[in-house]
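Dropping a structure here in structure tokens format, bear with me for questions.
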Amino acid sequence: MIDRLTLLQKIGVYIATFFFLLFILMPFIEMIRVSLRPMSHLMTADFTWWSEDFSLQAYRDMWVTVPLLGRYIFNSIFVASAVTLITMIVVIPAAYAYARLEFPFKSLSLGGFLAVNMFTGAVLLIPLYRVLRSLSMLNTYWAMIIPGVAFLIPTGIWLLRSYLERIPRELEEAAYVDGASRLYTLRRVVLPLAAPGLIVVGTAVFIGAYAQQFLFAITFNNVREIQPLPAGLYEFIGYQDVTWNEMMAAALTGITPVMIVFLFLQKYLVAGLTAGAVKE
Amino acid sequence: MTLVAEGAAPERMQRRELSDRAFAWLLISPALLFILVIVVWPLAETIRLSFTDATLGGENFVGIANYAALFADPKFWQTVGRTFYWMVLAVSLKLIVGLIGASLLNAAIPGKALFRVLVMPPWVIPVAIGVIGWKWMYNGYFGLISGLLQEFGLVEDRVALLATKTSAFYSAIVTDVWVGTPMVTLFFLAAMQGVSKDLYEAAWVDGASRWYRFRRITIPQIMPVIVSMALLSAIWTFNSFEIIWILTEGGPRGATTTLIIDTYKVAISSQRFGEGAARAVVIVVLLATFSLFYLWFLNRVNRQYGAK
Amino acid sequence: MTHLKTLTVAAGLMAGTVLSAQAQELHFIMCGGEVRAADQKVIDQFQVDNPGVTVKMEAVEWGTCQDKSMQLAAAGDPPDVAYMGSRTLRQLANNDLIVPVTFTPEEEAAYQPGVLKTVTNGGQYWGIPHAFSTKALYINCAVVEAAGAECKAPATWADLVALAKTVTDNTDAAGIGIAGKDFDNTMHMFLDFLYSNGGKVYNDDGTPALDSQQTRETLQLYADLLPYMQSGPTEWERDQMRDLFNDGQIAMYVSGPWGEGQHAEKVPTQIVAPIPAGPSGPSGTILITDSLAVFKGTGNEDLAIKLAKALTSGEAQYDLDSSWGLTPILDYEKLGMTDVYYRKGNWPIFVAGISTGGPEPMVEDFKALQAVFTNMIQGIMLEEGTVDELVTQAGVELAAVR
């Protein structure tokens, strides 16, 4: 009852939501429109909502212009997934330690991790290049995965910690009393309870990984076959021409798999966020 | 628990106390290793570089000359001011729009599941791609915004939003807000849904209006989330590089040049690594100071609103 | 016995080095985002002629390309060969990252006047010029005539302004397109006009010469043209303006020889004219080259030079220049070719500019140089200073550029 809205209020909410979503989705609308027009009609200042020559031609041509496009899309997803997997493996124990245990330098090191968030890879590029080179990781998938993991660890620890803190200690203590080892407790008791938090943090990490691959890819890698999508999109920029329509088509196609996965995950995402909202 | 367990507890506690520490370090070590190699070492190298005049060819130790030159340059202070203004404005807008959006998505209307999904795309796509979309829209001749405004007769001539200093700055802000809003919205939404219904019921029974309930219950209840999102957002916004770079590369005439843009231009474009490194260190110091202050504020807020 | 063993070992080692010397890979960074057909032909042939050698091409678009090559060099992992703007050569040379190249006297003489100067630094040549361009003014006659004016090439700056004004006043289109974005061809376009006004950036002895009467007149031209330029000029650079020209949004703009082909479909009524002459000098243009640079410390320097020379030899170079639409970089008639492509059509306009043109200034920090011009040009476009103030400031900023 408390939540029921009058008809007028409902209409108001719909209108406001419409404008809110319009703001959010406008660039996508534009990208779709650009991808549907042939190049010759793209650069015209006459604005038309719909044109007869809207077609899906660009979506066919883009595979020809950039033959490795499918590979790029795969690479993006692969790298982001690998980053997420490794990050979670590293973050879960660490977040648990910060959530539950006491040890010297605890606050300091946590603050230190947060501090890593404070600068982007953009600033550390050249020293980082040298480090990767001495580890023989350049021009491999590792070149994009390892830096990605490193820069996402702080966020992961920070976010997961607050979820783990909310799990009642009594459950763990019960396990100890029954003779369980710490690792066993961590694996069998804590993790299942932290599942919503894990999904949320895993999702946030995946998105982060997906978003920042660009910089590392163009700097640390020049093997075309393993480039991720954002770097691959640059191939649509030719000597004096940019095939905008195909580039947009490729961009939209590239993010579709991720969006579809999101459609399925969104239920868990919101549930997870609700279960342990990020509190301090 | 049973008597046996109680009696045995202290001994186990003792054992646990020692292995607690060791266990903790064991758990943290992989994360620590990553950070040390990938972040700390290059950072140390960057700090070292900031005391040299390193360029492509080589380097000499110059002490604090880079910093002295930096602090003496009025343009630097302008850039610092501009960066803070950028950060404060963008983050404030993100928080406000995020609150509004979260409230809308929290309302009991059919279709809200769909709307929530529709909010996600800007967060999910690589930032670079979204910004290219905005760049296209801002184009004075071929862009959607200019076209629409003319179509609806709101302007007479083409609107080149990225061509003049003020409009370029605020256009970049809009794009930055667009990039950051979905995440803020979703986190706020989750927080709102975690607020206990009883609180609302009690107020409703007492005849409180919707606005009153929002102001006096919702906001305080989710305040810790607001504050922590604000900090994260502030840090990311301060360092927001791709958005400005793709839209304007810091122009026109430096109107959108924030500290990170300036650092990139000096270090990478002009290959003056020493000077670039000095700027990078300044960014870290500024952000660290800001964050410390913020965390202190966070502590106060927590105590005041009794969360945890 | 020991002798035999030593000999076997020595033979093995030698065979090993010979074999490893045979299997070489050249990392070739090609700026521009695509590998041109003429170049690809030469590269394929090179791999056939040199068994065991593979050329790994990496085409990177102009915006990030030069930065990337320099980054690689800075981090100690340079490419073997890179095709870049010649403006980068001085910085690379001064930092000891590339090897100097030598030409035989015949090779030297074959180059058009002024070309080799764009790769010279400290008395040595540092790159092999591979593409050359000069500029001219393109005019859309359909738009001009729709404005009620005669479609004739403006000879002086006063004519230019008048023509632009007529177009803007009488049609929806802008009179002229001027680049104002923070991009290298913004500076180039300005220099097209400066060099058509007898102006200079540096004197022959290397001292800055920007703060001059000629520069003020050129900036004043920009100020005069401002009302007749495309909307928001600070957003546009030259290649983007091709689209405006094709769409009939601007009546004129300055571009290189490739423009003819780019406009052919949409603007069949185009004409090409020399850049109008200013009050203080004859019509000229900026001379820009892109070159092949060979990086130091890769172990493949000789092989790389061999590849570079193959790409730029008479026949191969002619193939590229004619197929891609570039100003001829070699004097092909001197080399014995007849019926050359640049005697036909509008080419003589582009070739005529070579002798009166000026070079792109060679400095180490070319980004800073670009910034000086961008600042000045955007200053006048955003009306943030008088011509005098801006030129004076540019002069000061230029003096600080190394």
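Lettered A, B and C in written order, each chain numbered from 1.
One rule holds for everything that comes next: contacts are C-beta pairs under 8 Å (C-beta built on N, C-alpha and C of every residue); 3 or more make two chains touch, one makes a residue touch a chain.
From a predicted model like this one, the values you see are computed outputs, not experimental measurements.
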Select the category (line, ring, star, complete, other) that matches the graph of chains linked by touching. complete
More Cb-Cb contact pairs, comparing B-C against A-B, go to A-B
Chain centres from averaged Cα atoms put subunit B and subunit C apart, in whole Å, by 40
Averaging only over C-alpha atoms, locate the centres of subunit A and subunit B and give their separation in whole Å. 15
Junction residues of subunit B, two or more chains touched: 141-142, 158, 268, 273
Can you list the residues of subunit C that touch 2 or more other chains? 71, 74, 243-244, 247, 249
Residues within subunit A bordering two or more other chains: 43-45, 125-126, 130
Over in the complex, which subunit A residues touch subunit C? Could you list them? 40, 43-45, 125-126, 129-130, 133, 138, 218-219, 222, 224, 234-235, 237-240
Which residues of subunit C touch subunit B in the complex? 67, 70-71, 73-74, 91-92, 94-97, 180-182, 230-235, 243-244, 247, 249, 365, 367-368, 374-375, 378-379, 382, 384
Interface with subunit C, subunit B side, in the complex: residues 55-58, 139-142, 157-160, 162-165, 249-253, 265, 268-273
Across the complex, what residues on subunit B touch subunit A? 1, 5, 12, 19-21, 23-28, 30-32, 34-35, 37-39, 41-43, 45-46, 49, 97, 100-101, 104-105, 107-109, 113, 115-130, 132-134, 136-137, 141-144, 147-148, 150-151, 158, 178, 181-183, 186-187, 189-191, 193-194, 197, 200-201, 204, 222, 224-225, 227-229, 232, 235-236, 239, 241-242, 260, 263-264, 267-268, 273, 276, 280, 283-284, 287-288, 291, 295, 298, 302, 307-308
Across the complex, what residues on subunit A touch subunit B? 2-5, 10, 13-14, 16-17, 20-21, 23-31, 33-34, 42-45, 47, 76, 89-91, 93-94, 96-98, 101-104, 106, 109, 111-120, 122-128, 130-131, 146-147, 149-151, 153-155, 157, 176-177, 182, 204, 207, 210-211, 213-215, 229-230, 233, 244, 247-248, 251, 254-255, 258-259, 262-263, 266, 269-270, 272-275, 277-280
